[in-house]
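Have a look at the structure below, then the notes.
In order of appearance the chains are A, B, C, D, E, F, G, H, I and J, and numbering begins at 1 in each one.
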């Protein structure tokens, strides 16, 4: 995915830990095995450090997955890696919840901590 | 915003920690980028110290945002700052949950502690 | 309020900590400012010690608020004080959740611990 | 309201009666008595004749009510009159559902028939 | 009840049949047998003729029932009679839905037609 | 069942057709085959003529089924027959909705008209 | 399917039209194309004439589909045909609602009238 | 769209009118104005005549819209036209319900009758 | 109650702590004061040690309360005592949630630990 | 059950702990006592180590239970044992929630930790 689509803006309250949750219930990608579309909801929750993620650019970044063949686990880890790379958050969790295929649903939840141990 | 609109009254049970939660599902402000209105729910949760926040004055304070161009993160941090300034609570959390724009929703949660470490 | 309306009965299982939750969704009092009625749900949760609170007497105690002018915070703290006085519970929480006024709702939660530190 | 904001486009299936329903849950105007904001959901249901109503222009038309002092009944009848004037539908219904004020909600439903008797 | 509390205002769209629905989920009266309070939701639906019912006056009219001992069926028929007397609607329905007593709920629905046969 | 438990009171608005709905979600009887209890919700809807059914007496009438072995269809038809006999309504419907047995639920709906053809 | 599994019992209220609805949310059969199981809810609604359908026998009849390869439309029409054959109802509707396959759900509704035209 | 993707199979119960409802909550196309994706639910309800629509082929037909720029009204009418052409149903309705854009949702409902007047 | 009705079977996975939750939403007993029936939901949650509780025998044990006059608190503590006596679990919680009486509901939650301190 | 049906694939993000939740609401097995089918929902939650479980193979593994006579507790523990054997997860929980039998539902929750103490 083109993570260069992602834009950030200055966090004007960096002295305070606070939580931003972004939910996109209109995510779609393609199953690399069957070529059929997958539909899911992506939830990004993070504590910003120096910058926040700009919502419109995030939307365009998500659109890049529309015709990409990629597994559930990779979608989730890739989004986390890209968002961490551009925004260096104090903490971030990415959750993907997928519509049923063959009567079975899957949810993948990945967490990153940017705090020093 | 005019925080001088906010009024407080004496907490008649200051010897006890207790929790007050105020929910305003009819909050609206304006996106500074597009000039279009944003709609959200503001939830204020706090442990009062010497004073409690007067509900009607809080309502008028919220109305001040109706035609103001201001980002989600700033709405939330500003409300917290103003309410802390006038009521000096033991603890306070402000959460703003916004209606979808471009299919994506955002929630911002900010917390303040007035207790001494 | 007439806390003498409240009756208790012996806790027949005092050797065990257990939890009793009582919910009254039909509580009403009067706003002392406007003279208009307020409607709310009162939830009492407690760990009984020597006695339990008799439900029917609690109902009559609640009815005493029907035409009383009293603020949300005072309703909640008063109920806690009265119930603690008559039942000396090991722990007790009183929560009041109020219907919207001017589009805004409030919830007040007060807790008492009767355990020795 | 400025009904000249409303735009239409050609109905490409005029040989068939069909139903278009548009729901705006983010409508707000101002109470002419109290000066306080009202919040509601507007639902427009119609059978187009020669033209359909363009959604984005409808959104801007609705925004015109944001700071207007106008009663529930007039909001509803005015929207119907304006939409009928610009789109001459075969049938149209406008419904407005308002958030509670003083614990009481109101819904207004107005219907127009453009068919010849 | 004092129906003289009820106020009306001119219907500015009398040439059109339209429907106004008013819901009061905070209605309370007293059971004439037990003296205990009843709680219910009153829904008034009508087609106005020359006048509409003013909401605030309706609220004060409803408050008159707060300490009145009156049966479910009489509450409902009385409200219909009083509202018809002051507003002469083309059609009106009053529905009262009551909270459970002894595990049993009751709903009463009364309709009036002011149209000439 | 002892239909003599049922009491009625005068309908004070007999000039008007109106609808009374009574719901009892706490009905229980016994399956005559297995001896095991059945649980259901009984809904009685009727247009009263000269008399209305007294709620408390109806409750005691329903209690009579608690230890009676009787099939779903017979419960429903018997309640209709007994209520019609004592109240001679203009119209009456009795519906019984039963909790699942062996994963299967049943609902029985019986209607009586007392109007002359 | 073995319709001989179905048992009936005498309708003791044949002079009256009444409605029996039976819901089985635990129906399963096998897709004849893929060999994979299908899951659905079967709803049977009928007006009995001389006999009613015995619930336990209906349950065993439904179990016969568990390992049968049969399409949605045929399941529904076959159940209707078999139930009509054994119970000769005045009216009967069979509805089958199927869990999603490939993100798409299907519902089939079939009706039979046993009344003479 | 390629309606040649659609397959049908023989209706084995043509002597009976019955209803098939197919729901696809995972429909997506592209807005021809903005180039951004639209998401919706398509519901097809029909009474088959000589043939039924094969579900898997319908799914592939729907996939053809994934990257097509097409308005809501045209999506709905086109699906109806194509399904009528290949299956000649006795009656058919196509409904499309779209996720909010700019806070506003739209639903389009189109009906065809294949019965002779 | 006859706790001798309760049967147990060997826990085939005793090397592992695991949780069994049993919910009976069809519990009924009798109020010892009024003689009227009470209705509730009983939830038993436990970690089995050497034996598990047999479900059908538990059902018959619960039936024993049907015509017994017993208070909420005693129902809950008695069930816990009896189930602990026959199954010696590592941990067990019994919760009873009661339908409203006089508009007020009660829930009682009792916990036992069989682990050595 | 044939655990050899289960397939795994390499975890491409082994450096990170993350959570995969798989829900199958279409699970069915057979009660070994009565021979009647049981229906339930199986939820598998795990932190993968070197491999992830392939969804389609898991589906076929679950199908193996369709005609097997096996108790709730054994279903749950067996699934855990088999999935642990093939995927050696860092942590895994299997929960089975069963549809009501005789009005009573059961849920079994089993947990395994693969981390070294």
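What to note about this one:
To be clear about the criterion, a residue touches a chain if its C-beta (ideal position, glycine included) is under 8 Å from a C-beta of that chain, and two chains touch if they have at least 3 such contacts.
Here is each chain with its UniProt name: A, B, C, D, E, F, G, H, I, J = NADPH-dependent 7-cyano-7-deazaguanine reductase.
A quick note: this is a predicted structure, and the numbers were derived from the prediction, not measured.
Note on connectivity: the fewest chain-to-chain touch steps from chain A to chain H number 1.
Interface chain B/chain C: under half of the residue numbers present appear on both copies, so the contact uses mostly different residues.
The two copies, chain B and chain I, are related by a rotation of 145°, based on C-alpha atoms and rounded to the nearest 5. Taking the mean of C-alpha positions as each chain's centre, the chain lying farthest from the centre of chain A is F. Chain F and chain H have CA centres that are 45 Å apart. One finds 56 Å separating the Cα centroids of chain D and chain I.
In this assembly, the C-alpha centroid of chain H lies 52 Å from the C-alpha centroid of chain I.
Of all residues in chain J, those that touch two or more other chains are 25-26, 36, 39, 99, 101-103.
Contact between chains, using the touch rule, shows up for A-B, A-G, A-H, A-J, B-C, B-D, B-H, C-D, C-E, C-I, D-E, D-H, E-F, E-I, F-G, F-I, F-J, G-H, G-J, I-J.
Interface of chain C with chain D (complex): residues 36, 39, 99-103.
On the chain G side of its complex with chain F, the touching residues are 11-13, 16-26, 52, 55-56, 58-59. Contact residues on chain G toward chain J in their complex (touch as defined above): 25-26, 28, 36-37, 39, 63, 66-67, 99. Residue ranges of chain F in contact with chain G, taken from their complex: 73-74, 76-77, 101-112.
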